[in-house]
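The same chain A turns up in both complexes below, where it pairs with chain B and then with chain C.
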Partner chain A sequence: MRGTLSDRTGAALLMAPLLLFLVLAYAWPFLGVVKWSFTLPTPGLGQYGALVSDPLVQSVFVRTLRIAAIVTIVSVTAAYAITVVWVRGSPVQRVLAEFCILVPFWISVLTRAFGWVALLSNRGLVNTWLQSIGFISEPLTLVRNEFGVIVGMSHFLIPFAVFPLASAMRSLDERVLLAARGLGSSRMRTFWTVFVPMTRSGIIGSAMITFVFSLGFFVTPAILGGGRSVMIAELIYLRIFQSPDWGLGAAISVVLVVFVGALMALLFRYVKPKQLV
Partner chain B sequence: MQQPGRAAEIKANGIGKSFGSFRALDNLTLDIGRGEFLTLLGPSGSGKTTFLMILAGFVQPSEGRLFSDGTDITDRPAEQRAAGMVFQGYALFPHMSVEQNIAFPLKVRKKSASEIKSRVGEMVERVGLKGHEKKLPAQLSGGQQQRVALARALVFEPGVLLLDEPFSALDKSLRGQMQAEMKRLHQETGTTFVFVTHDQSEALALSSRVAIFNHGKLLQVGRPDEVYDRPASRFVAEFLGEINMLPVKGVKPADNGATGVCEDRAVNMRCKAEKVRGDAILAIRPEHMSIAPEAAAGENGIAATAVASTYLGAATKLDLTTRQGAKVTVSVPNEVAAAALSKGNSVWLTWPAEKGFLLPDGGQ
Partner chain C sequence: MPTYRPGPVSLILAVLVALFLLMPLLAVIPVSLTPSRMLTMPTGELSLRHYRSLIEDPRWLESILLSIRIGVVSSALSTVLALTFSLGVWMFQPRFTAALVGFVLLPMVVPPVVSAVTLYFLLTSVSGISSFFGYDTWLGVAMAHSVMTVPFATVLILVSLSQLDRRIDLAARGLGASVWERATRVIMPNIKFGIVTAALLSFVLSWEEIGVTLFITSVNAITLPRLMWMGLRDNIDPAIAALSVILIIITVLVLAARSVIARRRAAP
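The block that comes next holds the complex of A and B.
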């Protein structure tokens, strides 16, 4: 989109308050965090060295990447299915899908996390029901572990994963699908060989958004992980508020931000920003 | 590549289609011969594309039956009909190379890798895309994309090739080139071609027969010269090209044709006056009328005044008004037009009896 000079000046002016807010509330404090990472408790690269050698920090990084990867696969797959219904279903199906996508946005992340605890705990609905129909004799451990974290995070992230996919599916030329069928391809084959590859940019965008979001999750893993599957954000919190080790906490934050920044840069090499909404 | 006997013969029997209260196609009965090049011609919304989509199996008719080589295929889904189709805008697979696009229908049919390779290679050569096999559609020009679409639709030797306004996105010179190419492909493959267009010159140039549609109805079907020279209705006459319409009175049958009175002069027609009696419209194409200083006795002619001229290069288009106020356009040699305009503008318009035809007065 290209506008006239005054259009662009106008747009810049309209965006200025938000930009100013972001600079004051995020960028400026973050510079302070960067400073801590190099200066606390003593100036130098000591905290980054400790970060590399500390097995606890490493295991949390590995767990975070693993959980983020699994959550991404689960969320994008589920989001793909619901987006197909939302974009290509019958009018009734569309309304239902839209409802399922929008409702989670109205419920706070905290409420949802406790909701999952109520469902998945040993005496929660799922276990009670499975026991009552005689499917299991002992309750399954569904919460306060990685499984619970993955369920809660995927539930939170599916609606976010929907939008890049919807954008890709909406811009797809219907005639290409007709052409595939006219050339003899079954509906199933058309879906896998034509529809899915043509929504590739949406899948990449959706996966990247989900993955990046997952890396910084705090509340959901803290509640559903029950302290047993700590992720990076929770580790940073512990380092800053519980063992006053501000330098290490700051260094982990910086590494996380740099890593996410690099991922975003990679994303925008393959996907244009407007394809994500 | 294609055995002539493989081309399909299609029968449409009383096909109709309604979208809600909109009648897109009404009681269409049409036979499409084996290996013929049939053009469906009409303005947008006339039902021609709906009929093509019904032939392809993408749209289910509301009533009527469709037969291919005697088999009822009305309820057969698109993927089982084996009709090649070229879409408006080509509808190539954007994530596949030229080669992969053309190979797609063969892969779906589970052909062996070696057969796919040789047939794709042959097709690439035939449509002149050698050297572009590995490119993606986005890297090709409009004409090249068109060739890929044709190759992809023909590579599996379909019994019928359906084309939906395939040239609408191409510029004029490329259009001419692609039209010639398509005629050649039709002759080489011997397949039945059904071609949709709203461009009457394209229809006349390409087809063995033209079917003219309007408001969901098939108005007339025939060889290009038949529909052009002997249109059955006013709509067909006007849609196929410029035409002059003169009111004619007292039409009655005569020896080998009909007679009537036009602008107070007796005129002769070679066409039969079966459907038309009394008041009618006499229609004559601009290129069939000439300018003369005088109309001889017994010759068809009316007096007119030249009002304007448009120089077209090879000829001049001359606008005239008759004594009774009818507007007439003729296409004449440049010097004739110049003379007509300089000579006090009053001239005679003449035409051979076999070039005028009668249409019912009013209506379509």
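The block that comes next holds the complex of A and C.
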């Protein structure tokens, strides 16, 4: 029955609205942004040249890559620790771990960033407490710097890092672990030489997701970095709304998309999409 | 059969991570009760003035109503578009399905800031044509939110369709049902749960959307997250703490209700 006229028309009629909507509201304007990157302020490759030569843009790229790498390591490690309990813990432990993962996951990025400001600012909880016990006399600078950005971003990304790890840990064969223990391997050794290698695909998937998300992060660095540790996304915002230099903002966006696209292509060569969910 | 349980070291590490995850959410509670006008810990007496200012200050109420309006419109648009598209995919399995679905999912995988620049381009271009539909208008924001949420709605509806037994559709077709009847009277009743979930998720994503909204609004379409953002950037307003506490409580209640419902469904 496939391929008859009525089938084709039916499919076209049903699928057309969304495809049309996204072509008009997404694909076409994206091409417009690409056009900006080649034409504003003057036609040519000038904006891409500026990307390579401008030391400010370069320092932002380097900072973004550095922060993304640190955040990835912190998030995946922390996510691993809590996922082990979420997947393999006793029923009560599982419920508690799930609560701790899902509640932050569903709470808006602004509320979470605000929570960190409340904790880490000069008159925040941490500094107030450390001063009241006499541990420090002057408040420590914990936000408006890279430390604050890394803490806030890791907090945001841990729940995302959990899901690929959980799926890898759920699918592994428990009998292998019991066999290792039965043959006299210690807990530590079983974990490092059997459990961790068997969840490799989850670790790769989780690291990739975290890293890609970190590259385009806007809200958390803007609030917790306080304008002092600007990352790529905030630079794009500043180029479009403050300097106005739309061409450069557009060029950075294009480079970011190409870079993320290349990373995703790399990811799917090693991990099947199904293993990520 | 014995099971492999995490040992004491794993448990301690997991507790530390759990504390890290909950800490900023708990920290907003004392801040929201401070009597001071600035962001400080309450020393001694507690006050509900910041909760009161949420009701008394018209800006908060206006932006809450605006966010609800935008959320409802954009969620309706996303859900209808995602539903018709998914029905087309499932009923007719056209060629190039994978490529078309991949295209639809793009706004979900492209870095949000790039989508934001793209939608900024779209709405500033539209502004030239129509004054109530472009940059900094609520309809423009609703449309932009639909672009961002429609991939999520599509994924949810496609997943619930993939669990549907094709034979009921074949039976309806064999008995002479038209495409419209198959879709509305056979398939849709069976994926009701998926459709409702898609609509709810689209609403929630729009309700808390900030990355794109920052690029496409300035002074007129101030959604709730946009207002929070302004309060966070300039001079930190403890009313945000009060609002955060309320949002956290709602989230916890909804998640708890959901897990109770899920357990009841699984029980019999």
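One rule holds in what follows: the second predicted complex is superposed on the first by the 251 of 277 C-alpha atoms of A that agree within 3 Å, B and C clash if a C-alpha of one lies under 4 Å from a C-alpha of the other, contacts with A are read in each partner's own complex, and residues count from 1 in each chain.
Simple rule for what comes next: contacts are C-beta pairs under 8 Å (C-beta built on N, C-alpha and C of every residue); 3 or more make two chains touch, one makes a residue touch a chain.
Keep in mind that what you see is a predicted model, and the values were worked out from it rather than measured.
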| item | value |
| --- | --- |
| Room on chain A for both chain B and chain C (clash or fit) | fit |
| Partner chain(s) touched by A:R94 [first = chain B, second = chain C, both, neither] | neither |
| First, second, both or neither for A:R189, with chain B first and chain C second | first |
| Contacts of A:Y26 with chain B and chain C, given as first, second, both or neither | second |
| Chain B versus chain C as contact partner of A:G115, first or second or both or neither | second |
| Contacts of A:A250 with chain B and chain C, given as first, second, both or neither | second |
| Dominant contact partner of chain A by residue count, chain C or chain B | C |
| Partner chain(s) touched by A:A179 [first = chain B, second = chain C, both, neither] | first |
| First (chain B), second (chain C), both or neither touched by A:P197 | first |
| Minimum distance between Cα atoms of chain B and chain C in the superposition (Å) | 5 |
| Set intersection of chain A contacts, chain C complex versus chain B complex | 178, 181, 187 |
| Chain A - residues contacting chain B, complex | 173, 175-176, 178-187, 189, 193-194, 197-198, 200 |
| Residues on chain C engaged by chain A in the complex (per definition of touch) | 2-7, 9-11, 13-14, 16-18, 20-25, 27-28, 30-31, 38-41, 80-82, 84-85, 87-89, 91-94, 100, 103-104, 106-107, 109-122, 125, 143-144, 146-147, 150, 154, 179, 183, 204, 208, 210-211, 214-215, 225, 228-229, 232-233, 236, 240-241, 244, 247-248, 251-252, 254-255, 259 |
| Chain C-touching residues of chain A, taken from the complex the two chains share | 2, 6-8, 10-15, 17-19, 21-22, 25-30, 32-33, 36, 78-79, 81-82, 84-85, 88-90, 93, 95-104, 106-119, 121, 123-125, 128, 155, 158-159, 174, 177-178, 181, 187-188, 191, 212, 215-216, 218-219, 222-223, 232-233, 236-237, 240-241, 249-250, 253, 256-257, 260, 264 |
| Interfacial residue positions of chain B with respect to chain A in the complex | 56-58, 77-85, 87-89, 91-95, 104-105, 108-109, 152-153, 156, 162 |
